[in-house]
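Sharing a structure with you now.
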């Protein structure tokens, strides 16, 4: 799963810096190229899936704990914004911070409980917990209004520092620019946690917990780190989502989100930053391309079938995902020297 | 198996101590589903000593290893290291106290390169501050550079320098074995515990490893080695402890063990 | 009989039927899990496919098939579906980690559920048989014959499977594979073929479950997902790999759900069963029914 880290063809430092800067500029300029609200919504969706998938990959790809309950933190984060935020009189930013902190705490508790369970049982347990959470969201009518959803979550109002002006956010393009900082923060956290020393420790935990102990790595500690950070990020994202669509429904923590996450991360390349970003991009754009290509909108069910087929095909034929494919192609292009002979 | 466990307690080693005791195991007991795997074993590894642990298959050597290194919790008895009790401590804590180990069926991290496997084996000993690591402070960068240097030195020593950047899953068995061995050394541990270092390794490599172990031993490193290859055991050990059915049946210098009746019986069945 | 008691028995009976359903689904899942160490998240979808097969056979316009003939057809059909899944998607990843197993079979589950949604729409379908309508009333409790058949069959299948794995050559090979696949290769048992056979048997049991139990409930595309999870819960509660324990746990889940749904809250009955499961997970990670491993 992690061969990517070891084998990936890396650009030289200046190349990476240049690539990063141009991608940032592209992200900033993109909405200027279009006036269509539809396109900008697609961009927000893409950013959202990037954040969602990166936070999920921290847990599933790096700590190796394939949690099937990750969207719960997203959904509860959204409910925090919808229910707790107004009662506490919080603004947009503090609302997101509150959701992040609460979800990190929830994840810490959940992690302490669930990480006693290993292997596939962990996946089963988290799936059970996710279903419980969704059933409660659907049925605790007095709190969540169930499938009626909580409507009318406030749109963000931002006070611009050193001025008296208050910016009322309503346009998609404003939301897009609001979502970018969250994405950048997520990327920075993701990269900081997964490279160098921390990255090595995560690989250890994922590949062989017993051996990890022997080199002095506490698996629990690193799994909790990934889960709390991942949950914090996605909690903030849930809060953002609530302020964006202004409606919070139980479907914000549905298993459909889990399957989309699995598809993005595993098709893109589990445990790989590049892979996850590519995956999020493709699976945010693909449905819209399918829509645009056909004369009529493709049914969600057919779309899910296509996704499922892609996922299974990747697992069977290309376990390294698209990231591995990109690596292989670039290696082929550069004709990198043959690997060293293996005799001591 | 005898229920009369008290009778099984062998008096502490009557072997003269060459240094102060480093690892002390007293009355260690471990059972699996009622079957006694380690039966009130006492043993000592002194500072700078090279002790081998031998015995037929299933005699409890690996179980004893696992109890000492915290991978199993003994039901009774105590383990102390440098006069500090470590019985039942978490394995990562014990590792950081200065006991390194290898595993019977080689364990390296397949997805990490050879170099990363080595650096990982020392990084936790240097610092474990998540914040510093995430920020990649100057201290971290310096430690990384130092570790890389040390890793390269060791790779040279064990003959893996040429595969430095190869993921461990591409290594052949003997190379993995050497890598795991090097990983056990890189953190400069007080006590190195090797579980069958010579198993499945070519004679040339065994010789290489043997020489290196002796070299380190001369420099004052302490070893506890489980090994089946009697040639190796007799060559390197200062003292040998023999287990049979979880009990310590003999202890002494290689020659004494070779002549011991009980040991012969255990190995060859009367 | 006082009405309260009658209602109580009614709930217990419902619970036993539900338990029978869970037990049969669990049995197939536990079989593949213990033999080839793979958790198939698409297992419940085999039940769904069996149920729709039944639905199609019952609603054929050209020919009216009798129920006794439909039963073997559905069993064979689901066994066939299971083998196809195994050959196409599971066989190639069988030696990979549990993560790959989980993600791949979840992918299969997505495909199957949505394919069913496209073919049959999301409307719940009914599959009544002659047996559902025939009611017997011993001791004044009204029971449909179908429920009695379900309970009897669950027990028969369970006992039959025990006999199969202990007495037949194939069954013994399966046990051997579950205990030491590497050794089996050495002594000439074809592990890969055993995996296929295991899937076929698991599929057949699931087909039997579908053809008998679907008539008691309605049939819809994602009915399998919840069943998979109930079966997984039962397996974990029973102590991974301990098939008997899983069966007891399946009945326990069925009865708890029926009683809770009947007396406390219908909406939260699944919360209770999954809550119970997670509680067991934390308190007794090795399951509540002992820790003997193996078939």
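Letters A, B and C name the chains as they come in the text, with residue numbers starting at 1 for each one.
Operating definition for what follows: a residue touches a chain if its C-beta (ideal position, glycine included) is under 8 Å from a C-beta of that chain, and two chains touch if they have at least 3 such contacts.
From a predicted model like this one, the values you see are computed outputs, not experimental measurements.
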Partner chains shared by chain A and chain C (touch criterion as defined above): none
Closest chain to the centre of mass proxy, which here is the mean CA position: A
Centre-to-centre distance between chain C and chain A (centres being mean Cα positions), rounded to whole Å: 34
Between chain A and chain B, centroid-to-centroid distance (C-alpha), Å: 42
Chain centre separation in whole Å, for chain C relative to chain B (CA means): 47
Contacts with 2+ other chains: residues of chain A: 1
Touching two or more other chains - residue numbers and ranges from chain C: none
Contact footprint of chain A on chain B as seen in their complex: 69-71, 90-92, 95-96, 100-101, 103, 107-113, 116, 119-121, 123-125, 128, 130, 133-136, 140, 144, 158-160, 162-163, 165-167, 169-172, 174-175, 178, 183, 187, 205
Partner chain B, residues of chain A touching it in the complex: 1-3, 5-7, 189, 192-193, 196-198, 200-201, 203-204, 206-208, 210-218, 225, 339-344
Partner chain C, residues of chain A touching it in the complex: 1, 60, 64, 66, 68, 113, 116-117, 119-121, 123-125, 127-129, 131-132, 135-136, 138-139, 255, 259, 262-263, 266, 270, 299, 301-302, 304-305, 307-309, 311-312, 315-317, 319
Residues on chain C engaged by chain A in the complex (per definition of touch): 39, 89, 92-93, 96-104, 106-111, 113-115, 117-118, 225-226, 229, 232-233, 236, 240, 267-268, 270-271, 274-275, 277-278, 281-282, 285
